[in-house]
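We just call them A, B, C, D and E in the order they show up, numbering each chain from 1.
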Amino acid sequence: MNGLLVLFDLVLLAGIVGVAWRCLASTDLFRAVVLFITFGLLLALAWVRLEAPDIALAEAAIGAGITGALLLVTLERLRSIMAERRSGRPHSPPPDPTGPHALLRALHDPLPEHRTFLPALTFALVVGGLLVTALWHQPQSVGLEPVVDAHMDVSGVDHPITAVLLNFRAYDTFLELAIVLIALLGAWSLGRHDLIPARPAPGPILPGTLRLLVPVAVVTGVYVLWAGSHAPGGAFQAGAILGAAGILLVLARPRQLPMAPGGPLRLGISAGVALFLLVGLYGLAAGHGFLGYAEAWAYPLIILIEVAATLSIALTLVALFVAGRPAGDDA
Amino acid sequence: MDGGWLLLAILFSSLGPGIAIFFLPEHRQGLRTALNLGGAGTKLALVGVLLAGVLRGDEYRFSLPLMPGIELVLAADALSLLFASLSAVLWFVTTVYAIGYLEGSPRRSRFFGFFSLCVSATVGIALSGNLITFLIFYEILTLATWPLVVHRGTPAALRAGRLYLAYTLTSGLVLFTAIVWLTLLAGAEGFTPGGYLDGLAETHATTLQVLFVLLMIGFGVKAALVPLHSWLPIAMVAPAPVSALLHAVAVVKAGAFGIIRVVNDVYGAELAIELGLTAGLLVVAAVTILYSSIQALRTDDLKQRLAFSTVSQVSYIILGVALAGPLGIIGGLVHLVHQGITKITLFFCAGNFAETLGIHRISELNGIGRRMPLTMLAFTLGALGMIGLPPLAGFVTKWHLGLGALESGMPWVLGVLVLSSLLNAAYFLPPVIRGWLGERREPWHEPLQAHAGPTRFETHWMLLFPVVFTAALGLLVGLFAGLGLSPLGWVSLIVQRDYSLPGFGL
Amino acid sequence: MSPPGAEWLPAGIAGLVGLSLAVAVLATAWPRQAHRIGLLGALAVTAWVLVLSAVFLNAGPDPETAATRVALGGWEAPLGLMLHLDGLSVTLLVLTAVVGLATSLYSLGYVHDRIERRQFWPLWLWLWAGLNMLFLSGDAFNLYITLEVVSLSAVALVAFTGTAAAVSGAVRYLLVNILGSLSFLMGVVLLFGEHGVLDLVLLEARTEAGPTERMAAVLMTAGLMLKAALFPLHVWLAPAHGSAPAPVSAVLSGLVVTGSFYLILRLWLGVFAPLATPAFGILVGLLGVGALVWGSLQALRAGRLKSIVAYSTVAQFGYLLVAFPLMLVDPGTWRVVVFFTVVHALAKASVFLAAGTLQHAAGHDRLADLGDVLRARPRMVFALGLAGVSLMGLPFTGGFIAKYLLLEAGLGTVLAGSVIGVLWVLAIAGGGLLAAAYVLRMVAPSFQRGRADAGETVSLWMDWVPLGLATVAALAGLAGTLTLNTLALTPGAP
Amino acid sequence: MNGLLETVAHTLAPGLLYPTGGAILFALGLYGLIRRHHLVLRILALNIMGSGVFMVLLGVAARGEGPPDPVAQALTLTGIVVAVSATAFALALVVHLTRLTGHAVMLPGPPDDDAPVEDISREEHHADGGPADRASSEDRPA
Amino acid sequence: MNGALLLAVPLLPLVLAVFVGLRPGRARLNRMVPWTALPGLLLAALAPTGLEATFDSLLMGTHLALDPTGRAFLALTAGLWLAAGLFALSERRDDPRRHRFYVFWLLALAGNLGLILAQDALAFYLFFALMSLSAYGLVVHSGKPEAWRAGRVYLILAVLGEVLLFAGLVLAVHSAGQSGLAAVAAARPDGWALVLLVLGLGIKAGMLPLHFWLPLAHPAAPVPASAVLSGAMIKAGLLGWMRLLPIDAAGHAVLGEMLMLLGLAAAFLGVLIGVVQVRPKTILAYSSISQMGLMTAGIGLALLLPEARGGLLAAVTLYAVHHGLAKGALFLTAGMAGQWPASIPGRALFGLFTLLPALALAGLPFTSGALAKNVLKGPLAAEALPGWLSHTELLLSLAAAGTTALLLRFLWRWRTGLSTPADGAPDRRRWWAWGSLAAMAVLLPLGVWLAGPDGLPVTAGDLYGLALLWPVLLGLVLAGITWRWIHDRETPRVPEGDLAVLAEAAWRRACRAERRLRLPPPQPRRMPARLRVLRLQLRQRLEDAERVLTRWETIGLLFSAAMLGLYLTLLAR
């Protein structure tokens, strides 16, 4: 416990809180999003400090990366929609209680009136204060670390987090995959992707960069996936990295997306869940319990699941980025 | 348990056809009529079988656990049979009448469906073996009656329906609360002649008094006790068979029957007297009798007058129960039947006048006795019965009530009866006199013939038969009141057998 | 000597999860056949649940040991996840199966467009699977995940018609859900920080009234209140339910909201039981009274059929809140509460389905202009009325039994000397009147004299399922004893 | 003096410091959620709240003497994925909302009474478009 | 068998009433109407003593019997109804609504016959009510305004009488513990029961001051109806008194004195008001009041002189029979005004038939009147009455003088209306009916003397008696004075129905009030406009409030507030 670390912690936390504050206080949405991405990266740093490299990796890839991309593209879409509406209907702004200007400037959120300031502040302070009080009263951790440690030898993998994710608490992980899938189904159900304006990333840099970036990303992804069994990394991180690559591809050629055939696409996005479930049901049938593995088969099965999950996650993330349902899905 | 199936069969003899009728297309008139009459006839027959059984002294009981410790109990004692037979007989008649009355009108499937539901609920009320079962059927009755009240679908009908629901549902809630409370205190006992609350009288006297008031409010709305009666005259907008049902067979009777059950079989007359409950009830009943008679005098609308008369007459039942002596109870119980028969006659007649000749007001009745003698005869019998002239049904009641009042040491009740009879005469004799002795100069306006063609009798036979039947019944039950199976004989049996009270030998 | 079939119980529980998940995954992967998969799956899941509950009832006569816990993957808590089946979860599983089956059948008629079918069925099956998993979950964090599965798919179902109203309702619904989930998760984290375990049974054994538990209770309860649309946090409900497709509204109002409430109940019965104070009961009870009054008034105000029904949900959940102070006096009341929820869910779902049919026939659901269709469709009116009667708490329906038991508990409180108990009794008794008023609003136009016009033709499913479900809701009264006895098989709960 | 230092050191240990930071983030997110109107900002606020939760969780996990609790970390990972899924879905909804209504804020008010509610079971569909097509085409000027 | 006989008497007219009502056109049915009274007459004449029957199933047990009093009343009633019925048959020949008249006639007949046979309170009340109410139809039959007015007064008093009688019977039966009339009387009704019984029956008997329906109803009703009304029906009240009042060995001095007072007052007032009337039937009505007063006094005497009650009751009965027949004949006389024969012998017979009943009423020796009066006065000589009552005999004689004067007044007013029938042929049926009744004035005393029924020892001396002559002479003198001194007018000096005028004024006021108080038609009222506006406003408020709640910041704040609230409540242990 040395002072420097404490100082680092303090500064880091102050930075995180400060960035979050600025993010939420900014009137310009673009600025807010950029600050949020920064916030994500700072968090990743904090996770490292908390000895959670897996989470740091995930935060960087998913929390900052994918979320950032999603946010940015959303802003872009909003701007485009607004512009189109403005040009189409100059004299009839849609109704909005927060004032006519706010609407026309899509990416601008005026600071709210002062009416809610005091109560909101009070409540936030009280809730935060109560939380802190509760946390300060907690005993030093008991935790599950010893239990996990004791079972690592039968988990089939070497990395405790992977063991927890894909063996001890595989059910959670399975559902997590399902949630990603449901989010995509939800987004798809809203309409076809061609309803949503898609804007190419401007400039010639991206296509050029892509040629470099995509292979690197694929390699990194595969590595992270493989490393997951014994070191920080795993399906989600890998999926996020692969997904990021996919997103870049989409960004580069937004109007010429490959016409994904419906059937295989569906299979692709549900492959992870399906495989996971199959293995789980097999475990049930074989007497290891639902989502259980025979000790000997644990490792290969986990890897199998991770591979499928990675692919599905990557595909799903890209699809979420596109946001609309591909035309092929309706065929 | 063996006999339980008979009780269920009685219940389902109207429920089954009722549900079937709901799903019947509008144009299947023959099948609907068959179902209606079949159900009514079956019920009548089954009640007859039950009657014989109970007379033999057989036990009939059906129970179904509803909640832990609480059962749905159907049981047949002499009192329940009194009400059950009344509703079975009158239902049959009313069904015939309703078929005739509604001929050619729309939405008959709905009407008869709810109609049957109503009667099922009424029979359920009659056969209920404990308060909770009673409550269940009581509320079903409320709900099943509403569509009938609003059947015409006019704004007035809907408003009347709303008022009806507001009154009955509110009172239902009060009743509900009271019953739950009572059950908490005393357990879910079945009706016991003489009551089952004796053990609580010492410790919970005030609570029992409060509960009694709540129960009376709950039943009082349906029984149309005076501050709670306003829905009844308004509900007159309903078609005539519905009014007959409301006033004679089901709704009002259900309330009165509930009061009878509470006073006699929950509290027990002795306890009720001891807690000073009957005195209050007596005063309310007396006020109701007089007030509504005066109201009846004030109106020119025939059905409204009849409605107020119902309010007044039903309180005779309650008066009798509140007298809490054997003769008073006999008077009250027998009036349950007598009022039903008499009032249904009157409503049928009013319906006939309205349906055949488009007449709604008393001032238009002049000379109707010549155009519709049988209906007018029936009306006369009904009216005189209501006044309480011998040998009609109403007299038997009044006689016993009078004696009961003296027996209970409350001669002022006799004064109420005298005054009420005078008022009854004052509002019932004018229509009778107008009908027989009045002169009509212009020709009759004949809406029925205009739309259904000439009729063989003075009106459609399905409208005429019930009138004649119930009028004759009203005469016979009074005239042969001394028979063992007459309502009076049966009621005396109830009082002797279930309350171990000596009958009054005359 | 365990009864026959008991040894299959754990496998059956896991199998139920597996089956419902498999159906959902299959429908996702093969959307073209989604409706067929859905129908078969609905039948299979329903059958499975019924058999499972029969086996459970047969096997667990002792309330203390009745819970069956299944270690997933063979990993016992605290390391692994446990599925947890007891009387409470069985009851809700059966409820879900019944409503789910009805909704599925109804949807066969309602969602007939090819493309919509592809969107609808996978989401719906995921929702159903999520509900099954929610009721079976015995782990705090896993509850959060299942809640998310449920809410995300529910939001997607609300939005999937893609209209402005639907999307707007869905956005609000989603944000509220995320806020609620995060609050819940924060509570879980606090508990985990304090005790280092996530399993509810283990947590229950370790909790005592400390600041962490208190804060966790507050966070989780508030979050779930938000999700369960408990007054005054109900405002998302009407827009979401009002603009969602009918079968979705039915499931949302009948099951999803119920799921969140189930969790509140489960937590306060187990983990947080030591924390409850009379003041807490009174606060929740007052909120309940507020819900009853406010929800009913709004239902009386609203101009659209589905809005009325949605606000009626707000009002009806008031009863459940009012029951909290009663539970503090007589802990056994919780079983009544669950029975009430079951009955309410059945009735509410059938009302929504009927409303959907009417809306389909008329092309809108503005009450003022609905008279023609109501008059021409007595079957729907009957369904509305029957379910409405159950909502009012009038006999012979399940609502009556539930109301009776609630009132009994309320009066018991009064008799035990609680002054404020009078308020609860008044609320319980008076709520029925308000319910009657808004049910009457829905039903009365059909009795008005006027033109009858059946409107658009509807499929057989849409015509009959509402009535069938309403009948089930009405007859649920007969299952009162059974339900209460089943619920008694919940270890830990009073 | 030593005692004070120890208390400070104890307070500033990551196991307490980070949870405190997490709590602050949670409160901050809540504050922002209440105060801001734009849906994207609200989504950001929710994400910040979520990050607060994760920070508490990880902080708590790191409180012990030994290596951090892997279960907590696994949970966090799951939470992050869930959060990003929800965010993605929310953003998609926001885009569609803006497309349909022209604004990205939530309008207050009950869904009354004249708001047209479309009934999907009635709609005529064309092979090439979903219901959303129609809604959007209606929404746009002719 | 006995039962059937007894029951048949009232049942026969009832059955016929139903048939006449159902088949109004049948002439043959109409012709049977008068003869339905015949079984009653036969029963009275031929039935063995002690004929009785009990019907347990009828009402709450019905007991019918024929006792000596009943036999006398039955004979009177049946005979009078028979004669009047025959008279009616021809008198109503041209009435288009005669079947209606016959139905009411038959119903009233049934009631009248039945109440005589009834031996228990319920049956008595039943027949009493049947008779009273059916007679209303007879009173208003002509449909003229006068008839409606008379009918209204009659009906109100009849119903009042019913109700009072009902209450009295209930009280009496309650204290007796059983409902047989004999038992009731034996239990000595007192207090309210007594008052109610006297009043209830007194209305029917034309007792002062409830007599005023009589002078209205008699002139309004058709002649035969007036005949039975005055001759038979009002006797029902008397019979009731005889059956129900405590006329036993103890007597009842207070009641007796009261009845004496009322009876004698009626006897004189009836005369006084009667002589100033102008319409013959009105005069007869007042005569009835006067005569009933005498009978009332007779009952009073029986109460005052318990030892002599047997003779007194027999005397009253005899008086009732005598009065019924004579008054019936006189009313028929009024109806014969249009039958003044053209031939001299016819005129002589006509005169005889006219004078006979009149003289009988006046109490001329060898008429029924003489016998009745003698028998009535008989016990008075033996017993000593206290106070003013000691002058009873004188008072009775004075009343007889008044009767004479009144009847002369009747004959005088009646004479002016005499005319010969249009076709000149005498109406035989009317003649027979009238003549036979008139003849009874002399036949009755003869019969009584010869037959000498139980409890009524009649000596030849009772048939005449000079004491009876001077009142008749006094009456003639009085009549002469009246005729000489009082200028006759075409409108009566005291309006017909005396007290009824006052009562009617009150009634009219009540009717006006009733019209003002009339209820609106049974329409459920719409909500008042003000409330409707309020409801709309409330609706708007609710919507606004919900909109405020829906705002996101409200949701957030409420959410935080909920957390805070929950936390605080959890702290409050």
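Everything below uses one rule, namely that a contact is a pair of C-beta atoms (placed from the backbone, for glycine too) under 8 Å apart; a residue touches a chain by one contact, two chains touch by 3 or more.
Predicted model, so just to flag it, every value in this text is computed and none were measured.
Touching chain B and chain E at once are the following chains: C. Steps from chain C to chain E, taking the shortest chain of touch contacts, total 1.
Distances from each chain's CA mean to the overall CA mean are smallest for chain B. The chain with its Cα centre farthest from the Cα centre of chain C is E. Among all pairs of chains, A-D has the largest number of C-beta pairs in contact. Greatest centre-to-centre distance from chain A is found for E, with centres as Cα means. One finds 11 Å separating the Cα centroids of chain A and chain D. Centres computed as Cα averages put chain A at a distance of 107 Å from chain E. Per-chain Cα centroids separate chain A from chain B by 72 Å. Chain B and chain C, compared by their mean Cα positions, are separated by 43 Å. Contact with two or more other chains is made by residues 112, 116, 120, 123-124, 127, 130-131, 135, 138, 141-144, 148, 168-169, 172, 176, 179, 182-183, 186, 190-191, 330 of chain A.
Contact of a single residue of chain B with at least two other chains is seen at no position. With touch defined as above, residues shared between interfaces to two or more other chains in chain E number as follows: 543, 546, 550, 552-553, 556-557, 560, 563, 567. You'll find the chains touch as A-C, A-D, A-E, B-C, B-E, C-D, C-E, D-E.
Residues 543, 546-548, 550-553, 556-557, 560 of chain E are the ones touching chain D in the complex. Across the interface of their complex, chain E is touched by residues 156, 159-160, 163, 233-234, 236-237, 295, 297-301, 303-304, 307, 373, 377, 384, 388-391, 395-396, 398-399, 402-403, 406-407, 411, 414-415, 417-418, 421-422, 425, 429, 433, 436-437, 439, 478-483, 486, 488, 505-506 of chain B. Residues 1, 6, 9-10, 13, 16-17, 20-21, 23-25, 29, 32-33, 36, 39-40, 43, 46-47, 49-52, 54-55, 58-59, 62-63, 66-67, 70-71, 74-75, 77-78, 81-82, 85, 88-89, 93-98, 102-103, 106, 109-110, 112, 116-117, 120-121, 123-125, 127-128, 131-132, 135-136, 138, 140-146, 148, 160-161, 163-165, 168-169, 172-173, 176, 179-180, 182-184, 186-187, 190-192, 195-196, 234, 236, 317, 320-321, 323, 325, 330 of chain A touch chain D in their complex. Partner chain A is touched in their complex by these residues of chain C: 11, 14-15, 17-18, 21-22, 24-25, 28-31, 70-75, 78-81, 115, 118-120, 122-123, 126, 133, 141-142, 145-146, 148-149, 152-153, 155-157, 159-160, 162, 167, 186, 190, 193-197, 210-212, 214-216, 218. Chain contact summary for the complex, chain E toward chain A: residues 553, 556-557, 560-561, 563-564, 567.
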